[in-house]
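Encoded as structure tokens, the structure appears first; notes follow it.
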Amino acid sequence: MGTSDTFKTATFSGENLTCRRGGRMVFAGLGFTIPTGGALVLRGPNGSGKTTLLRLMAGLARPTAGRLLWSGAALEDPEAHGRHLRFIGHLDAIKPAFTVRENLAFWVAFWGRDDGLIGRAMEAFGLAALADFPARLLSAGQRHRLALARLVASPAPLWLLDEPANALDDRSLGALTDTIAAHRARGGMVVLASHGADLASGGATLALDKFAPTDAAQWTDL
Amino acid sequence: MHRFANPTQFMRIANAIYPWAAGLCVLLFAAAIPIALVFSPPDYQQGDTVRIMYVHVSSAWLMMMIYGIIAANSAMFLIWRHPMANLMAKASAPMGAIFCALALITGMLWGKPMWGAFWVWDARLTSTLILFFLYLGYIALSDAFEDSERGDKAAAILALVGSVNIPIIHFSVEWWNTLHQPSIIKDGNMSVDPALRLPLFLMMGAFTMFYFAVLILRLRSELLAAKIRNARLSQVADASAPQPAE
Amino acid sequence: MSAFTALLARDLHLALRQSADSFTVVAFFAIATVLFPFGVGPEAEVLARIAAGVLWVAALLAALLSLDRVFTVDFEDGSLDQLLLNGQSLTLMVLAKVAAHWLTTGVPLIIMSPVMAVTLQLPAEGYGVLVLALILGTPTVSLIGALGAALVLGSRRGGVLLSLLVLPLYIPVLIFGTAAVEAAITGMPSGPMLSVLAGLALIAVTLCPLGTAAALRQAAE
């Protein structure tokens, strides 16, 4: 899959999603739809369930109720759903003993993509000069950029990004905005949990506090 | 099956069962203890020592039955996510461990006059000891996480793994035992004399009813504890929740 | 390159970069074995009698030490989430991790075992079967161990808890592994015990990865 290709037309949506963690209802009755090339920005105060929702969308967590749909078809098998998406969370999944290039190359091979895009991915996030550096020498911002470079190195239609602007300087922020725009132009979809910067112009916004259950319903017996 | 998953529904049934289980437990003990300790005849070989059997066999029966109950409930919890199945398994585990310990202790006390030593590596005693470790592992694992849900699920998987392994371990130990101690220790007369059978069955029934009665009490207190926890949590949440702007 | 080979290659590569880890396990195996003559005395007959059992117990404990890290590092640095999102069978991924563990700890232990057997005066007839029994038994050790490691992932007392969970499950392997060597020493056929070890490995390879995958998915949730 080259960069110039577009993704097959796909949409991603969720219906009536409810999530309970540690006996507490985080959100209930939440729904969303992302059209082809669309973006969704998750907003809400701490504890409103942004990370939880992203992990749910990735299939890493299961909703207590409700379902996710890929191009209108319910996602039955969370394992197969992994093929549709890239998830960048708070942890960067970087092996300090490997070089920058080796770190990228492993994930590209693991996800079954060919390695033609590794160079371009490193360039996109200003890592080309660091390609043969051991990752243990990277700064926090550089590590985060390396994690983000996986998005370019091994394409997938849906990106789930948890606070992607964290620890990024202005230039990298610009690179990320451009990358997201290019991804959407090819028909890719993006979900962002974000406090600050507007990384996806024209994207829909989902305010999670609207789906916080009322006090009476928030606590369940078990 | 699925309607038992609702805690309120489940507890209504459990509370209806409770007086019967507790009452039967008292009645059966009242009948079993005098018969077992006084009126039943001593064994022609073992003498009065055989009376340990009533406690030993009953404990051994419960330790196995409870593991079965834990495994079955763990499966239901993992497949259908029934919260009550999880509570049943969690509430049963310490009791299973205690009956396992009781079976070990009475087995050792019985072993002293029979074999001349408190501990021999008899196949059944050894298997019981391993089952005891499995119980300890289950209890330790379910309590090892900050997030109790994670502990519940990990312990449920462990219970299923254990239920696959118990027969394998049992046969291995049995084989190992015959390999190393051929014909030194015979099973003795495991065919129980009819005169001893009645008190044994009464005692096993009493133990079983005791388990059910205590299980219901434990489930009740577990549910109450969950209610208190939630009440506390909601206080914290009320105090710290951002006030909606409207 | 498939996900399986990619992951296996990565873990072997990492183990090579951090080869001190594998070395530590083998060193532990050696020192644990060496302690026994101090405990029971240096008489050749006594040592020869217990050699097979001592080697197996020491190998189990050594493997246990390394199990703690099978998934912990990936769990803590976020790699586990990414591994779960490979869009393919999770059990295959688990098998790759187990294979890597076996190659980096099981195989060094197998290579080291005849050397340690010499110090324990193992009779000459026992060596071949000892190595064969370890080859058939250590994969089971890695498979069951990985399941235990996945279960305790993120718990408060990982390592100690892991031994409590896993050691009872190792008893069948220990029984038949030791019995095979003892049979060889006493001139009995050791084939049946080796077959049982192979059987245990087959059961473990079909069931353990399923449990491990389920445990990993829950650890990520």
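Letters A, B and C mark the chains as written, and numbering starts fresh at 1 in each.
The definition used in the following text is that a residue touches a chain if its C-beta (ideal position, glycine included) is under 8 Å from a C-beta of that chain, and two chains touch if they have at least 3 such contacts.
Bear in mind the structure is a predicted one, so any value in this text is a computation, not a measurement.
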Chain centroid nearest the full-protein CA centroid: C
Most distant chain from chain C, judged by the mean position of its C-alpha atoms: A
Inter-centroid spacing, chain B versus chain A (mean Cα positions, whole Å): 46
Separation of chain A from chain C, taking each centre as the mean of its C-alpha atoms, in whole Å: 37
Where chain B and chain C are represented by their mean Cα positions, the distance between them in whole Å: 31
Chain C residues counted as touching two or more neighbouring chains: 221
In the complex, chain A residues that touch chain C: 55, 58-62, 79-87, 89-95, 97-98, 102, 106-107, 109-112
Residues on chain C engaged by chain B in the complex (per definition of touch): 147, 151-152, 154-157, 161, 164-165, 167-169, 171-172, 175-176, 179, 200, 203, 207, 211, 214-215, 218-219, 221
Partner chain C, residues of chain B touching it in the complex: 78, 130, 133-134, 136-137, 140-141, 144-146, 150-151, 153-154, 157-158, 160-162, 164-165, 168-169, 172-173, 175-176, 179
Chain C residues touching chain A - in the complex, by the definition given at the top: 1-3, 6-7, 10, 13-14, 17-18, 76-79, 81-90, 220-221
